[in-house]
Amino acid sequence: MKLTRGSFAFPGTTLGYKTGTWRIQRPEHAHRRAPCHAECPAGEDPQAYLALLDEGSPRDAWECLVSANPLPAITGRVCPHPCETGCNRGQYDEPLAIHSIERFLGDEAIAHDWPYPVTAAEANAPHVAVVGAGPAGLAAAYHLLRRGLQVTVFDETSEAGGTLFSIPDYRLPREIVRAEIRRLLETGISFKPNHKLGRDIHLQDLQQEYAAIFLGPGLMQSREWNVDGVTPTDLHEGLHLLKQWSDVSSLPEMKSAAVIGGGNTAIDIARVLKRNGVDTQIVIHSSLPDPEHPSEEDMRAIPREIDQALEEGIQIHDHHGVKRLILRGEKLTGIEIVRMRKLRNDKGRLHRVAFEGTESILHVDQVIPAIGQVIEPTGMENLLNGSSWLKVDEWGQLAGKDNIYAGGDAIEGNSGTVTEAVGNGRIAAQAIAAKLKQQELPAIDKSESIPFESLNMEYFEPAARAEQALLPVEERVGETEIESGLSGRQASREAKRCFACGNCLRCDNCWTLCPDSAVLKTEEVMVDGSYYVFDYDYCKGCGLCANECPSGYIRMLDE
Amino acid sequence: MSTNNQAITSEQFVHLRKNQPRFEGIESGHRACLGCGEALAARLVTEAAGPDVMIANATGCLEVFTTPWPESAWRLPWMHSLFENAGAIAAGMEAALKAQGKHTKVLAFGGDGGTFDIGFQALSGMLERGHNVLYVCFDNEAYMNTGIQRSSSTPHAAMTTTSPPGSERMGKRHLKKDILSIVAAHHIPYAATASVAYPSDLRKKIRRAMAIEGPTFIQIHSPCPLGWGHDGADSIKVARLAVQTGLFPVIELERSELIGSMPIRNPRPVTDYLELQQRFRHLFDKDDTRAVEELVHIQALADHNIKHYNLRGEGMDALDSDGADSVRRGGMRWA
Amino acid sequence: MRKALEGSQAIAQTVALCRPQVVAAYPITPQTHIVENIAKLVADGKMDCELVSVESEFSAASLVLGAVSAGSRTYTASASQGILLMSEVLYNIAGLRVPMVLTCANRAISAPLSIWNDQQDSMAVRDAGWIQLYCADNQEAVDTTIQAYRISEATELPVMVCVDGFTLTHTLEPIDIPDQDMVDTFLPPFNFKRALDPASPTSVGTLVSPDFYPEARHSHHHALLNAADEIIAADADWKQLSGRSAGGLLSVDGPDDARIGIITLGSVYGTLSAARDEYPDLPATKLIKLRAYRPFPIDALHTACTGLTDLVVLERALSPGYGGIVSSEVHAALSGMATVPRIHSFAVGLGGRDIPLDIYRKLHDQIDVPEPGPFTIIDVELEKLPVEDHGSEQSASG
């Protein structure tokens, strides 16, 4: 080293001094699951497709979305969207309208006929049979195909869709169901309609002919209902009325009805009846949901649907049960209802208590039970062994059955949503593919999602949530869908509201705020999904980047 | 789950460093403390100013931590002479470049000591004579390089090694000098304050000053973790609170007229700012009536600033104290 | 072409011939006339430079430092308090090894306040690391100013041209101002290789650790020592062009066999030279004109003093509590000679006190003693002081 005259120095020569040696903590990019991702029963990562949408690539966003859920136009309409309940933005202003974005992307794909990003399986690939073309079966078929397997789907009806056709049109138009499923089946899934298990096909045969079987039978039979053993002779069950409405667009003659039950079927049939001029009330022993105080006693139907039903003039008698049917001869003229609550007895067990003196009469000419469905066991008797449910492990594999998997509403403990059925199909397909290809099965990600407190709200601005237009009550007639989708402009603006929880927002904050220029911006996206690298040669570990990362994507680790 | 991938080679790092999509006036390897607000401010300033500049830097932390011979962090022609003459050195550079018919912009950098105090006269002379120089004061509110002694920029009641609290004192007895008004009173075309917590605003002001022919002045509030007694990771948070409380008004003056300010959307109580910093810890003794009085005093100073500069925002504004630092996907902050 | 000019006017015109691009100054008596004349030249379009009238000497020095660092030839001038105010910058300029020329219109230092001439100001910054050249008359001031630019730019050391205030700066003399072609021939265009440049951005004014600081000082010291050759060469080259020498490092005037020498800096040389003619009966005396005070020309001084029995050091400043500043250095410098002359140390003409011709006789009286006395301010009139301030018997004897 020779001293320069006047002791001048050459530019940028501090690079020779590695300030990284000062560090006792290092920043790291730490991807953590966004709550929307962790909460999605279908396994979607909404923040990932919101990011792509924000970047102006709706098609990429849709491809990202259908990498988990091939039925977004459908689930975007009917899912109770736990993603939005979990969304961290809900603790700042309002959650992202994820379901509206999902629907938007699904509708865009249909409108533009974007092909699903799959290729048909090789002719010699293992072949899997899927029984039941409802959401679980279709999702399983699609994910099996994505993994290079051949798939044949059997359904007892003439059309794929299963339980989706029992959802009324004003919520889920049939043409959407048909369009999305048609496009899905065109990916190379072989569909065999009018094949009923136990009648046209048999498990033993399928086991012989196929490398594996996925069962998605659904719950196609209504749960039995009576009051002290009594039922009216002209009793119509909610599920069957919905099917009838869906198939032939007509309902039995009635003036007034009391629907019994608090699930989506109850709400759906009540609203269909109302649209057909029937004065409809709902009786349910659980409570109307209160968004401020969610409770286990809440009705199971989607809160949004309940709200809309109330708007449409359907009276809901919550915390009530039917005490007595009032019959004139065999004809129902009314029901006596009574206030009830779930209370703990002295053994600590919950039971329902009816309160004497709270009885009242509803004058109705029909009582329509919608208290749930059960499995239709034909052809699966040996699997069920008298149980009402199919019992599977976390990968959907039936206990003790090597190559038989199941998913959807028929699974024990299932919440009964379309989205969960899709998730079951996806997970089972993953397990089946791994088994048939003799690959390792990665563990299911059960990691905690990133909490609100890990984000930095200083970098976000309040912004109103995109709301889908809703028909005014007076225009909610017939089969017209009452919610319309977001416009492209609305959708992309909504995508900008995403906090990118636990992921790189590419906002440049770390790069902008590092006093040591130890964060470098990359030209291409890095494999961790970010556009930045830490130059540990110079990073002093001050932690500024971690503090100021809006999305909680940087954490400090001890050296 | 961590998918941190740093698997890039040192050659790729060198390539990346050379190809950052911004001008890097100060290189890594400088010796600033962890979370140094001044290092960040200087980086942002030089980034916005670009390569065609010449810098006169007063004695201080910035000078010391960037140029331990034989190394220099600067990628710009840069000169340090003395503590009190940055204004005059810059004026000389400007006179020389003018004589040579060159258009390189001269920047002068000083800390608050080198600007408010010892270098004030040279600064005043430079402003009065109308040199085409952008003077940037990195205001960290005390003599940090010499070990945290009070300057005329040190805020009221702050503890420094020469304004310690004790039975007869509650930290600095005097007020922070209003250097901006004094500077602006030279009738210069542009004088502004900025904060490291609002980089876009800061860069915008630098670019604005760069475009003006004549003397301009920008005072940048730059937290000093060591001197203020806060975690280096909190430098931005602290700087932001200084603005959001009203204690550090972010304003612009042209020919000494107030022409712009960053509105405060939701003024925060000064205690939110003070409690993060050890230099104010003596104000949080609830049993000490003097401490209580000083807190009220400081709140009154903040309220006075808000009133005097009319800082209270009217609703949400993208460029207010909450909006001006908002980010978006793909970078491209405001301005 | 010889013209009757005031010293300051001559210096200003000479500075203009050297084509500085930036001039900065702050007014202080007796430097003012130089800068006023430059201002007039600029105002009349006869000098093309950025003239910056700054708010202090500190900024004057700083401004020219900034300007030279940005690649321009510069000029400044000051005196007395101004030199002291800029002293921090003077050290800085020299340590940064940048070329520039400063005229010091030598003046006493306050307190007590005096606007008159002595050399306490430039002596106070003796160790700043500048080349210091003292001028005996205004022609030397002109020639030295031109040479100073060449020396400074060749050595990358700043040069302080010391010109006695009033005595020279405000005195009308016939002076030969060279023409522009001659100066241009002598002085190449300014080209400072270490000038700051956005195209190759270096950093100047770094922090140097103990590992290199002594080396920096060594280098600076030797640069000054080595500058002696350039001072000699510049003077020789200038003589070839103009026919005039300004006296190299030092010059000697007097018979070779003289046994007495008097060494001086600045204009007092002229007084002694005239006095020597007035007192032809006094012993033969060599007058040694020390032009380069820094670097201090030890070898040339040895040569000049060879054969002397008595050497008078006559200076215009002092180090209170010690005595002569120059004399102590002369003492040390001559200690290596085979036969060291007796050294007599006097200060004279402090704060503008007149130096009459009979100083020459007085000096001869003073050295006619068995042993040289202590340092003495030669014309102090003790009766003007209270008794308790008379000092010791011995030191007051002069």
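Things to note:
By letter and in written order, the chains are A, B and C; residue numbering begins at 1 in each of them.
Quick note on the criterion: contacts are C-beta pairs under 8 Å (C-beta built on N, C-alpha and C of every residue); 3 or more make two chains touch, one makes a residue touch a chain.
Values in this document were obtained by computation on a predicted structure and should not be read as measured data.
In terms of the distance between Cα centroids, chain A is separated most widely from C. Core chain by CA centroid proximity to the global CA centroid: B.
As a whole-number value, the distance joining the C-alpha centres of chain A and chain C reads 92 Å.
Spacing of chain A relative to chain B, judged by their CA centroids, is 50 angstrom.
Put simply, the C-alpha centre of chain B and that of chain C have 45 angstrom between them.
In chain B, 66-70, 72, 74-76 are the positions where the chain touches two or more neighbouring chains simultaneously. Those residues of chain A in touch with two or more other chains are numbered 3, 7, 9-11. Residue numbers of chain C whose C-beta contacts span two or more other chains: 96, 201-206, 208, 212. Across the complex, chain A is touched by residues 1-6, 8, 13, 16-17, 19-21, 24, 26-32, 34-37, 39-40, 43-44, 66-76, 196, 199, 225, 231-237, 240, 316, 318, 322-323, 325-333 of chain B. By the touch criterion stated above, chain C contacts chain B in their complex at residues 21-22, 24, 49-50, 52-56, 58-60, 62-72, 74, 88-89, 92, 96, 196-198, 201-209, 212. The touching residues of chain A, counted against chain B in their complex, run 1, 3-4, 7, 9-19, 22, 28-33, 51, 54-55, 445, 447, 458-462, 496, 500, 505-509, 511-518, 520-523, 526-529, 533-538, 540-544, 546-548, 550, 556. Those residues of chain B that touch chain C in the shared complex are 51-54, 56-57, 63-64, 66-70, 72, 74-82, 84-85, 87-100, 104, 106, 121-122, 124-125, 128-129. Chain A makes touch with chain C in their complex at residues 3, 5-11.
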